[in-house]
């Protein structure tokens, strides 16, 4: 029996880049969190500590900053592709790069009457975070997964749950009217296409469309199970965004339990709920088109 | 030397109440986190474990739920006052109650064309949390402090920092153009006034006005120091909201450091920043009107 | 183009079970966090919301509590196997179960001289968490992965880093003496073996041995790279625990930067460091024996 | 009505200092988190942004690092006193300094047989954090508060709760045997005494003694209420540590609810509990000696 090295990667995680673009008195900001991971011929560094094939994680961080200045940061997928290709093409021992980016949203603070042309004030937007994971492989090219997380949504009705299996440990009562709340993590895979990723609307338009599809499907689905809602949401993305071939979602069921007020001589009338923390249901699933190409390393 | 009991209080923290109001197909939700703390004649429970003067924290939780049904939940300050008065007036050994409430914001998901009159879908709003702390004392009556936290704001210019003391440990370079970013925690004390608290706009209108004053003052202040910005923000609240007599703020300086790109043969041009986590500056201060009544226990 | 359902699972996450065993005046506690995920014939629940094949997540929670009473909780891997088998064998539409358990450690508070035989007082142990992920499939049987997370370790010397690739964005200085600190997440796969898992020492002995191997290898490795340290740690587990065939690790490089004190006319002498938060290096890798059986779904 | 500046302070929060002391092959580490806040004549900086009286927070950070090298870091209270005095005595407009330090514990990883004299490997200790808050005022001298937080303790029996007030919203059942668990935050004030603080055992011995008193009193108290336990714990510190004159504690009641297993035809026998997150009871109280000097600004 011998001991061997298996799959591995290394990189710099959570480089926080904020870029300001000045268009006269009107500023724009981009607030992102970049994590890169490289792989390639890494036997020596593991077996003997020989760093001859290592591009330091500190250099990866520097590259993120330098590229933000050199190329700007528009859509996070494009910036991730730039970085991933750079690491693979410019560093011989590196054959594969994975770049993950999170983007935090900012809204403009409305300018007061005396602001003139000054528009440089911002307030952090919602809890939601836009995400992407890009791979670039020297042999197999690129994959792009876009997504979002921390998107918290709630339907205060139009949700039922009944007809499930009952065994000796089942005590749950069926319901025909409950709150359905979840914190959506969704990621979607773009069809391969080299420089054509995300076209014709670009990754920005694609993201806006996918996000809207998720929200609208959540709102419009009369739900008999959270799985059904998940499937409708993923299906809506696929049905409206032809550039996307697969959607993966994780949706915790953020339970809102009806409080028993009869103990106090009161009815509840579906009005007052206890929002519980743990435990929570957790629904995970993927929806794809039947012509989706093989995912390869896209989800790694 | 004898050992004696000093100030004390006890209660139930973080009771999560979600209330749904149904107006035909249009629903409204209120999502709050209630913490109550009671004090009074508490020697026995500390010295001998005699619970005869204790209203259990479980009962305090139940009361929050029952009151949400019985009285509804409109402005959090009003709900806190209801609860605090109840605990003091209905439970003999309790002479003082403190009720703190946080409120989380939800936005409506726009209804699609097929929604008809159904409007029951929501998405969590910004990171910002509305807060209040209410005290009710059987002898001295009530105090009300409103506020907000987690309000993250950023000016991408119009901030300088120079002219400070330099000692042997000073290495900071002065700057005439920097990013100024902070996460505002602000609390403001309402002038006393029995049932008149918050009038004539009510606590909702008062909150909206104070919040707007904070944001506008942050955006419009050309800042030479974060202290100056804090003072302008607090002063703007006092100047526009006569029902408020004191504002206390804590504002961490969320440092955005200009990245040195000269090492790579590039200029930066005030475009690319590193958003740091720790350490951070922390500015704390209060602003009040010279006729502000004594605060008493309001800030406890 | 048709839309189809891909891989999916659902369950109850983070059921917090605390079990007390009373052996006269001496008590023992077990503090665990159970998450179960079930899969099987789940088309209907996704496509139409038909819950006929669904064992509610609430029932999964109840089962964890009932089994804690019925069977006790000794090693978390054994408890996870019990639960996973139960869900698959007792619920027809469920063909596969994944059960993940975390265990939090408690130490006994030393009894004072007057304690007599009373030993029921505990203090939470270290930050480290013991983990396991068990799969049970009706066709392919069981897999067991054990592990730990939040194990924070630091060598204050015996770590170098140099000889790496330098490109136009490299500014890092090589060093022959640095702090090496990391927060270890390690998971290790047990060789398959039906009821023989973990023998002859049982999962408890196996865990203690693997943990000791990780700590000792970390302490004893003179490190030229964090990858080398990771490989030594994984290799040490494999070399000392024949029941384990693969180790996967994620080790963030918790950077400790030497503070430049020359600006104050002082040397540093490798004494004073700034412990940074973000960004951080992240090293991920696996080490396995060349006769390791196929992992199947073990790592899912 | 005029707007005036109220109490204020500013400083650098959470400077993470790690210091290594090398005693041949045996190393020692000190891992602390320093926050300083200064006050004094601060009208100008608030009213006009004139920084002439401001020692930058960046300089405060630098000073913490320089002092760690210059004076070493033994007990955190002594280091805080050094820093606080320095800021007040060396910077004319600064009349008052508050320095808060947290210390994280590390244990030594046992050296293997081949380690020789090398002892430089550490593993993070428990979740508990040692704390202190020191004030130094140019007119009134120093105050020292020591403490700890995140000390999680549990008694699996010897806790009852009954005899409480019952009103229309009370549903809690009395119990004569429950789990009592809490996460202790305790702070204790040292009697004033200039250079004599903490004598004769020094702050290290004082801390160890106070911590032991808290743990032993928790373990040995047969509890009828968490308030009683809190009082016993604080009283034990005062009774055994004459250098301490006041103890303030916050102790959340981390509820462990007995799971109702009768629904499954099983008894529970006080064995299986659900560890709840929110809401939680929160008990806050202080215990002091009747000859305790006035606290002044010690608790600010």
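So that you can tell them apart, the chains are marked A, B, C and D in the order they are listed, and the count of residues begins at 1 in each.
As a convention for this text, a contact is a pair of C-beta atoms (placed from the backbone, for glycine too) under 8 Å apart; a residue touches a chain by one contact, two chains touch by 3 or more.
For clarity, every value in this text was computed on a predicted model and none was experimentally measured.
By number of C-beta pairs in contact, A-C leads over the other of A-C and C-D. As for how the two copies chain A and chain D face one another, over half of their interface residue numbers coincide.
Each chain gets a centre from the mean of its Cα atoms; the one farthest from the centre of chain C is B.
The mean-CA centres of chain A and chain C are about 24 angstrom from one another, to the nearest whole unit.
For the pair chain A and chain D, the distance between mean C-alpha positions equals 38 Å.
Between the CA-based centres of chain C and chain D the separation comes to 30 Å, rounded to the whole angstrom.
Shown for chain D are the residues that touch two or more other chains, namely 16, 62, 66, 169, 171, 263-264, 277-278. Chain C makes touch with chain D in their complex at residues 16-22, 27, 29, 31, 62, 65-66, 68-70, 106, 109, 111-112, 114-115, 118, 120-128, 151-158, 179, 215-216, 218-220, 256, 259, 261, 263-264, 266, 268-277. Partner chain D is touched in their complex by these residues of chain A: 168-169, 171, 263-265, 277-278. Listed in rising order, the residues of chain B touching chain D in the complex are 1-16, 35, 37, 42, 45-59, 61-63, 66, 90-91, 93, 161-167, 169-172, 223-228, 230-231, 235, 238-239, 246, 248, 252-253, 278-291.
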